[in-house]
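I've put the structures underneath this note.
Both complexes shown next keep chain A, but they swap its partner, so chain B is in the first and chain C is in the second.
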Partner chain A sequence: MWRRLFATAPAFRAQKAPCRSFKSSRRSDKDVFEEVEDQFRAFRKKAVKAMPGSDWSPFELTPGLPPERADVVIIGGGVVGWSIAYWIKRKERTRGALRVVVVEKDPTYSQASTVLSCGGIRQQFSLKENILLSLESADFLRNINKHLWVTNEDPVDLQFNHSGYLFLASEKSAHVMEENYSTQRYAGAKVVLLSPSQLKERFPWMNTEGVALASLGLENEGWFDPWSLLNAFRRKALSMGVYQCFGEVTGFRYSTQIAEVAEGDFVDFRRIKCVNVRMPNSLEYQPVECPVVVNAAGANSGKIAAMLGIGLGPEESVSGIPFPVEPRKRFVYVVHCPDGPGLDTPFLIDYSGVYLRREGLGGNYIAGMSPEETEEPDISNLDVDHEFFQEKVWHHLAHRIPAFEKLKVSSAWAGFYDYNTFDQNGILGLHPLVANMYFATGFSGHGLQQSPAVGRAIAELILDRGYKTIDLSAFGIKRIIKKKPILERNIV
Partner chain B sequence: MLKVLIPTIMLFPTIWLSSSKWLWTTTTMNSFLIAFISLTWLKWTSDTGWNASNSYMAADPLSTPLLVLTCWLLPLMILASQNHINSEPVNRQRMYITLLASLQTFMIMAFGATKIIMFYIMFEATLIPTLIIITRWGNQAERLNAGTYFLFYTLAGSLPLLVALLLLQQSTGTLSMLVLQYSDPLLLNSWGHKIWWAGCLIAFLVKMPLYGMHLWLPKAHVEAPVAGSMILAAVLLKLGGYGMMRMMVMLDPLSKQLAYPFIILALWGVIMTGLVCLRQTDLKSLIAYSSVGHMGLVAGGILIQTPWGFTGAIILMIAHGLTSSALFCLANTSYERTHSRTMILARGLQMVLPLATVWWFIANLANLALPPLPNLMGELMIITALFNWSPWTIIITGMGTLITANYSLYMFLTSQRGSIPEHITNLSPSHTREHLLMTLHLIPIILLMLKPELMWGWCN
Partner chain C sequence: MAAPLVRHAMRRCLAHNCAVTVRRGLRSGATPSVFTRLLLKLDHYFYDVESFLYLKEWWKTKVVKFQNKYFGYVQKRYGAQIGAAYYILAIKGSFRFAGQSQWFRPDSTGMFSFMRSPHGQIEEVDLSGTLINLNGLGNLISQNKLKTLSLRGCPEVDDWFLARLHVFRDSLVELDLSDCTHVTVGGLAALQNLRKLKRLDISGLPRLQCPGLVRILLEEMLPHCQVIGVESEQGMIQPERQEPTDIDDASTQSGLRRS
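The block that comes next holds the complex of A and B.
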């Protein structure tokens, strides 16, 4: 054995006999004192991190987790969600009384309806509630720096173009427009009706063939930058102490009470105890215990409602009625026309359904059209269908504005409407089957322009027990359960 | 003494050896049995001033009411915890009840101790189960902060106490309360003695808590689960008061000057915490701050060292223990249903839980010291004793009483009256267990109103 040992060791004779050193760590070239100095240096570096004022903690906490307990959890960080957060913080009577958490799935807002919106605001609706909502919101937006200023930060610039909306009506729908006009004037909107000749006088670039009546908004109508509004709300709400969390709501923990209704059926009444918020790109989730949840998830509101069993019950019962909000894709095309109408172009909405507005000062315009019910585009992605512009939009546009026969489509995008399949108007308030989830969704393209007033309305519901400024009980979920839609009588 | 202590210690095998189906039933029944046995202590049969004695433990008119309160509270804590602990695995439930029972054991030994060093050891020992309850079963991430504050405030105060006790042992040769009460007054004429005086009392003042050192209390009360809040409010704070009453015997001539700043702090605390209560948005935080205010009055009553002061202090301690514990139970019933402690979101509950409103009403009336409840008797005796000590204190105590009534009314009106928000219109109705719990809190207060001699202390 000894022979084998000595035979395999290379050049052993010149060295000491093979033996283990006393140190178990790697051999280093430094001597003892230098190693001690190294240890001290490492210790000091670590100690600096642990001093108060640094964010080192002995526990490994995932950054960005929402708090374990909150008072109001708002699902959806779009303009409606942040507006609600701002208004709740504004209406709490003692500072810091309520802990509000806004949960947003996508920090880049790449698919959010808010930022993909055209940004228009109008009061030309036929329902009084819609008119009042937009009127109050316009008033808020005009005085936005009074409401949303933050110390030491730049003032908010919404780039609000007060150019007004111009609706065109054909012979068939002129009477609807007249009735809407009186509703709007009665509610306080500043709208004027124009005959075709007055229209031609005012907007000489327009072809008034087929137009029987037009209605133009004189004040509080136009368009603004949705991203600025979102950021203004967010900045102000964060400064008031709202917690922002990026994560996806994957489920709820709820308690169920089973009640027997008059007909003998059993109905589940649910009360949400916790909201499970999953962290982005991770399986980790945090249950946030809360008494009130607000569903402002826009196009995904239907999915959130389904997590609570709304729509999953037996067909004939209340719990079988699904929450009627689903995403619908709409395209927006940016066109460039050098000879197009000038600065006074309003947001034109033709009776064929085509809309157009000026974008910037360089001869660019934004145009689009709502597709037919039967031809809804695919909602699995946000790809743009350019054929739609060529086939459907362009010839109506060119008919109405002759200058647009020569135009170039510079770009296009698509966004989701949180489309209320029931009656295309907002859904506000509590659901009878879920005790503590407030809904603020289903605006079907009007969410941005109604967001300040909607935020205030929801805050009034939560904190004041009922609507105080605008009575929006007509927009409650009851109408869906009773199957009584309240439809906008558009002129289209 | 042992006939209560041994069954309490035997609760531990009961907890761990019961089957999971019978766990809560057996522990509740056994602790009720212990509570009823402890009521026998109230019958005073001794001439010597100490009752139920053995070599190491005894009860006197000061400690007897506190002992009975401690024993009474354990079944109430177990009743209150049944709902929220139910969702945990059985062994964790056993652990929880073990912690509560261990607190009971330590406190019986603390209140029944005749040697001050044993009282000190038990005083420290109660910190550990309470810390475990707060940090393990509390609700939010702030509970770690709360546990730290709780532990270190008390420890920082009690280390000087250990040194002071050792010095006392050194100079008098004994630490037995039975002997020290008859010893000659000590010669306390140097600065060292003044520091010794402070060392004896700081631990108890932090525990009471005195207004300047009260920061641990709102945190600990709010973050603790309901049983933790109950035991903290009802008994652990009284450890401080009891300790002060025992120690003041030896500290005599110095107290006349040295107590001055602490009395002023205590009285100032009554007003300040009352004003803080008016601005609280968290229900448990409001009740916690009101505890600080009440115990400030108790501290004032003890520090002036008159018979009426002591009597008022002990009556107020017992009454406040039961009332505060009742309020925490009510706050917990609201919390379990709405999952929120914020008062704005859980208001107008009279419409939904009308019977609970009755309990809220009585508990709030007790809190604001409504006659003829013992809360008023205690407060009145302390206020009168303070007035005798210095007429100017009536301004502070009078304003304190006014502000107390103010925030009690605020608490009642916000949580019960007014319109109820729509998201809590369907809450599950009150359980019988909750009604029983409140009855067991409030009946003793009403009975004590009829026979206050049971808790008068030495003034009989």
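The block that comes next holds the complex of A and C.
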């Protein structure tokens, strides 16, 4: 080390230069044995490289190919995928013990749900698991620089806005809100209930007509920049030695075992041996041999599951139950309203389903709404339906905040939800028909805010064979097969 | 209300976005010393230096953690009031009980002694320049009569800390946040829960991009609160000063092109 240090420092180099002129060569002061040792070392390196189990190949390879063998292949380089990669590397015992590959289809992240989301985080759920996941994620985000800071780089700046979430409940749903409130308080979330008069006093710009009760998050709630979080996870995971690969998973090589289940049916049990990763803009693909696969492909995870024959079997059997995750398109509108509410604007969620949050200090807001189940927009592209804002969103918005009668839609975008059609909650854990694929999808819009805790939970499942911090067994795939949904009790 | 004023300020602010970005580039902390810069350079080449840097960071967090530990034993044995008082003095802050005029603070060697107040609770706390963070705040939560809190120049006070201040929402009247390097506008938005706040000092916050605009927005958010330490014009370049420079720029550019 010191020799290298001296060689790199310019001062020492300058001193060395005049000395050299007195000698014809430097060989005389060199140790012969050291040279031999060097030769041995080089030989050993070469031998290790050529041994089976390494990536060494005598042929020229395409740059960007994933390694031939890996310990964990994570399909999907969104925030959940990178979070899982980070937590696996963080939990490994020795540096470089596990080889983790993250496969992402789109290097520009132009259609990724992570970066097209609104970036909110809240604890106002009705399920204990969701509240705990969100609380742990908030704890992670609070200490983000202890987790994701890379030496010699700028600290992570999430641009977190601690404005809280404000849920409004109508007469009909007020009792649900009260029940949810007690669950949230019990789980440790800091939430207060507000009566309409208190609401009017706190937020004078709001029309409280029709509101029976409101709940406001005081702490750990708000919104942040999703791109910063994704990049921070990626930067840290790469610095810890995770392999990043841009390509598309086109299929699997697996072994099948036929077994009889209790009802007398025969089902196929599968074990993945190889993941086929196709390179972008070419037909070349690389099989990656791996013992563990994680499906964090978000909106496309249903497609990945179908590649393994999940849901393609006979209808009554276990293998006939399709994996219930599909992409759903949601529109986000950026509106400009100079007379709108100021710094005290929370992430407002009205009982009509409309949401609104502030964007920056310049009088810009982000608004949107989930469409009716029967009016789901076409998912083949990411085009925005501007009519939807005019017809559905605006009048709810203007009713709630009269200042929004005068507004201008300055831009809009659309993004995909990884929508769980079964019960709109995350699906975590192993599938009973595939021995080595872990699922972490179906968050239906909460994926970003729960990603740090979910990454940790999946890493625990893989490395410790069970949940250690939060027990998420309720989110397992069993509930889909037994047809017992666990539903959020929504106010909307 | 203050909408026209805000709009006016905003227009100016947006017009000089580039000036703001330049400032944002400069604000990422003070310039590190020569030694630190040398270490960061060497860190590129040597694992030993990297682990040394990690060790340094680890030690720093250790100190902060130690300073902000929860005084659970004292609180349980002598009550929450003594626990809070003990904590404040241990991190070299000072405080005053309600109904008394005497301030308690440690002497230059860090030694302190204080008299237990029979029923009064802590009313004023001065934690300027201490290492208090979110965990340390947990020692003060039971003080629901706290009226004045000074956090001048606390390096560990960040937005999450401000969001936690809602525990004093029924009592806090005066808050001093000047020179807290980590506070941003995202944390100041959380002060909306402090409805009793009468006086707020936000001077010298390096991460605030448009202090003038933020002041106006804060005054709008907390109508009874006087926000001090920032002029309404701060962070915005005066338009009359800016116009001639534009012309100057144009003329120099065209001059260059001509020559």
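Please note the rule applied: the second predicted complex is superposed on the first by the 433 of 492 C-alpha atoms of A that agree within 3 Å, B and C clash if a C-alpha of one lies under 4 Å from a C-alpha of the other, contacts with A are read in each partner's own complex, and residues count from 1 in each chain.
To be clear about the criterion, a residue touches a chain if its C-beta (ideal position, glycine included) is under 8 Å from a C-beta of that chain, and two chains touch if they have at least 3 such contacts.
Keep in mind it's a predicted model, so treat the numbers as computed, not measured.
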So, after the overlay on chain A, do chain B and chain C clash or fit? They fit
With both complexes overlaid on chain A, does A:N436 touch chain B (first), chain C (second), both or neither?
first
If you stack the two complexes on chain A, which partner ends up touching A:L218: first (chain B), second (chain C), both, or neither?
second
### Query
A:Q159 contacts which: chain B (first), chain C (second), both, neither?
second
Taking the superposition on A as described, I'd like to know which of chain B and chain C A:K146 touches: first, second, both or neither. second
A:T374 in the overlay: touching chain B, chain C, both, or neither? Say first, second, both or neither. neither
**Request:** In the overlay, answer first, second, both or neither for which of chain B and chain C A:S197 touches.
**Result:** neither
### Task
For A:S54, select first, second, both or neither according to whether it touches chain B, chain C, the two together, or no partner.
neither
With chain A overlaid, the minimum CA to CA distance between chain B and chain C in angstrom is 19
Residue set of chain A touching chain B in the complex reads 67-69, 71, 92-94, 96-99, 257, 269, 271, 273, 289-292, 429-430, 435-436, 438, 461-463, 465-466
Touching chain A in the complex, chain C uses residues 3, 6-7, 10, 13-14, 28, 40, 42-46, 48, 50, 53-54, 57, 61, 134, 159-160, 162-164, 166, 184-190, 192-193, 195, 210, 213-214, 217-218, 220-221
Note: in the complex, chain A contacts chain C through residues 1, 4-5, 8, 142, 146, 151-152, 154, 159-164, 190, 202, 218-220, 222, 338-339, 342-344, 361-363
So, in the complex, the side of chain B touching chain A is made of residues 139-141, 279, 281, 338-340, 342, 344-346, 348, 419-426, 428
